[in-house]
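The next part holds the structures, each set out as structure tokens.
Each of the two complexes below includes subunit A, the first together with subunit B, the second together with subunit C.
Our next item is the complex of A and B:
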């Protein structure tokens, strides 16, 4: 049955996945080429100076990409479930309903994890040629909340999509917008380091938000 | 009577202030095909949603196979096939994909039953369900239900959007399947002619309550339309008479009472009815007689 759940989720995301890979690869390549060009034209010193003195993150044009992918993946996976109330079919399947939702979310999170880890690995490998490992680690640690935003926005999108009432959806969307605002408030490197455990805790809690929405759907909540 | 497959006791439901029904109780015995009939807004889909576990009734309880629906074990859910209004399915899948998906959930899955019906569709196995006509989608939904080999089929407005050919195909398949395999079916439809060919028992709902629950054969045998010329006399309004109306010189009423009883009641009320005519009805006319035209 788990294989069947994964199979269905794969069918939903099979067009999205190559698109997401292309967009992610394209933007990442562009960001890395830009750094490479800076290096070639201005010399290593200027790049190091930008990172150390001016607190440049160098890959800041990738900032919103994980959130965008999280949003799109959430829509791709959960909007088809809510069209014509197809979630009824899913919840009728002989599988524990909360576990079913967790498996569906798990599929999405696994795909996001692969995409984000691949991007972070590409950045690490390429920047290691140009910068000291401490500086590359600093850049990636600065990017960590962006990835967290991707995961959170994915879970929030599922939460909002599965929610059966528009009034509540609006409330959920406001909460999601508030959290996103918080995560993108500062551009200063490693500002969020101390908040990362709390962000992780929030993501763990947000995993259960769509289950709550599905329960409201089952109870027949309406506007 | 054998064990009931569905037992609903004292169901009440409101949408906000609006009462849908109160203290609705009914049972569906094993091996019977029961049709739920009612005008729009009488609570048919509400009842199906309660039976599907997608709506918590304001009060009352519904059991299927002796289990409370909302806390039903997944193993019990394998015994229930559900058709959602509009033949909704995973339209982003193809015929093959959807079969492969469902097959893993149901231990008694009958692949041949599904593909047997799909052969009639003349669509490519890799065609997406979303690109099929409404009739073709209905056959996919039906094929999945037949393949599931469930003990109970719950079908919400199964004839919605289907042309006469597909409706007939759906009804005939379902009827043969239910009879040969002793399945229990609970269904609703707006097309009452289809119900007549399919259902053993019917529940006719009015706003807020059940008007009748009985075998269709008994309903058609005992419920009659009476016409007569009342000559301007006032026809008595009694619970035994349904949908009484006078059009021109002709009066019409419906009743479960025998012609002799109806004649007696009318004569005692001083209504001339020497030309009283009684006629038996088909299910659609009986439904109109019970619920009224408007």
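Our next item is the complex of A and C:
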């Protein structure tokens, strides 16, 4: 059954995956090339001092990309389930409902993790060549909440998409918007360091929110 | 399990409301608050406050409430308005029996600021050390940065991103010879190239001993600063004021502030202990007196220090009452959740302004909920109790999610 779930999820995201890879690769290449151009034209000092003196993150044009990918993946994976109430069929399969949803979410999270880790690794390899480890750590730690926003927005999108009533969808969307506002509140480097454990706790809780929506769907809640 | 998830969702919504509702209230209701500038007058030997309101002809007033017009105020603050006084030929020849001229006043005026948000922020641990004797071309941005590790000082060349081993060894050797205990507890300097001269860096080593580090043509200059017994320094600030009298200020673990003069002598300022990580310290200095302003939320302490011998000249404390809109907030919200603060650069959850005065509104809301949900039995008492504690923060999510 697990293999079947993974295959079903793959069918849904098989077009999204190459698109996401290309967008992510394109934006990452642009951000890194921009740093490379800055290095080539203005010298190493300009890149170092931008981070040291001006608190520049250098890759700030990638800020909203993980959140966008999380949102799109959530839509690609869960909107088809809600069309013509197809989720009903899924939930009628001989597999525990919560486990079924966790497997579906796990597939999406695994895909996001692969994309985000690959992007972070590419950034780390390129920047480590140009900058001191303290500065690379500063940039990547600043980007960590952006990736957390991607994961959380994916889970929130699933939560909202699976929810059967519009009234409750609005409530869920407001909660999601509040959390996103929090994650994009400050541009100062490494400002979220102390909040990261709380964000991890929130992500762990948010993993179960779509299960709650699915339960309401199964119970036939309506506007 | 579903009930647990629902509880978590409602609590998450309540926490978000505890953050956003008071924020909206502040955004709509807050009014500009006046923070007057008060300095010590070397003429009246009392604190005088600048008036920026533009009402009548009052330019300032003293603590007793006596107001001064523009001309009078210029005269009692001669080191502040020295240009205007000099233009009118009203600059006194001496004050407190000490003669001075325009240039002396100009050079000895300074403002030093230490803000908690500058201390409580993530740092890279990389610093730029200028060449203190740059020659005619002036200061230039160095092509390397330094870090202080547990074993020594390392200079990293920006071009090539590699460690300059000979330079690192040269500096480490001199620092070790001077008794520096690695790693550094505090590193303070001013890497700006837009300055007249360079005082280098003030370092506090692992034992709390301050050192000065400078670079002359790539060669190290390290000076150990002799400290009074039993003083352990925790904070350092480099100053590069025009009169070159000071190297900087040092803060110790007891909250005392010390002025470090160019001859490496240390002078404890007669200030009450200052918690530099929580309180803002501003020192406005002139030729005769320094006014130290220690600020925190709703409180200001002014200390006048004699600039010649660092003795206490006067002290005054002011409590600023909360504005009406802030007092009204206590009746509406049982507490506030904020993620940012003016005292640091971190985004983290912090609960502020716990208020029992909001219990009245909470009680009304709880009664309202009890009436509204009288037909439901499940968890009713818990929810009523929750509204009594969390008030509107819990009521709104319960109302929005409860009609199923």
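Here is the rule we use: the second predicted complex is superposed on the first by the 223 of 223 C-alpha atoms of A that agree within 3 Å, B and C clash if a C-alpha of one lies under 4 Å from a C-alpha of the other, contacts with A are read in each partner's own complex, and residues count from 1 in each chain.
The definition used in the following text is that contacts are C-beta pairs under 8 Å (C-beta built on N, C-alpha and C of every residue); 3 or more make two chains touch, one makes a residue touch a chain.
Just so it is clear, the structure is predicted and the values come from calculations on it, not from any experiment.
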Examine A:209 and indicate which partner it touches, taking first as subunit B and second as subunit C; both and neither are also allowed. second
Under the stated touch criterion, name the partner, subunit B or subunit C, that contacts more residues in subunit A. C
Just to be sure I read the superposition right, which of the two partners does A:22 touch: subunit B = first, subunit C = second, or both, or neither? neither
What is the contact status of A:185 with respect to subunit B (first) and subunit C (second): first, second, both, or neither? second
If you stack the two complexes on chain A, which partner ends up touching A:86: first (subunit B), second (subunit C), both, or neither? first
In their complex, what parts of subunit B are in touch with subunit A? 15, 49, 52-56, 70, 74-75, 77-78, 80, 82, 84, 86, 88-93, 97, 100-106
Any idea which subunit A residues touch subunit C in the complex? 43-45, 47-49, 51-53, 98, 129-132, 134-135, 138, 165, 167-168, 171, 174-175, 178-179, 182, 185-186, 188-195, 198, 202, 205, 208-209, 211-212, 215-216, 221
Spell out the residues on subunit A that touch subunit B in their complex, using ranges where they run on. 1, 3-4, 7-8, 11-12, 80, 84-86, 88-89, 91-96, 217-220, 222
How about subunit C: which of its residues touch subunit A in the complex? 1-2, 5-6, 8-9, 12-13, 16, 19-20, 121-122, 124-126, 128, 141, 143, 145, 147, 156, 158-161, 191, 339-340, 345-349, 397, 400-401, 403-404
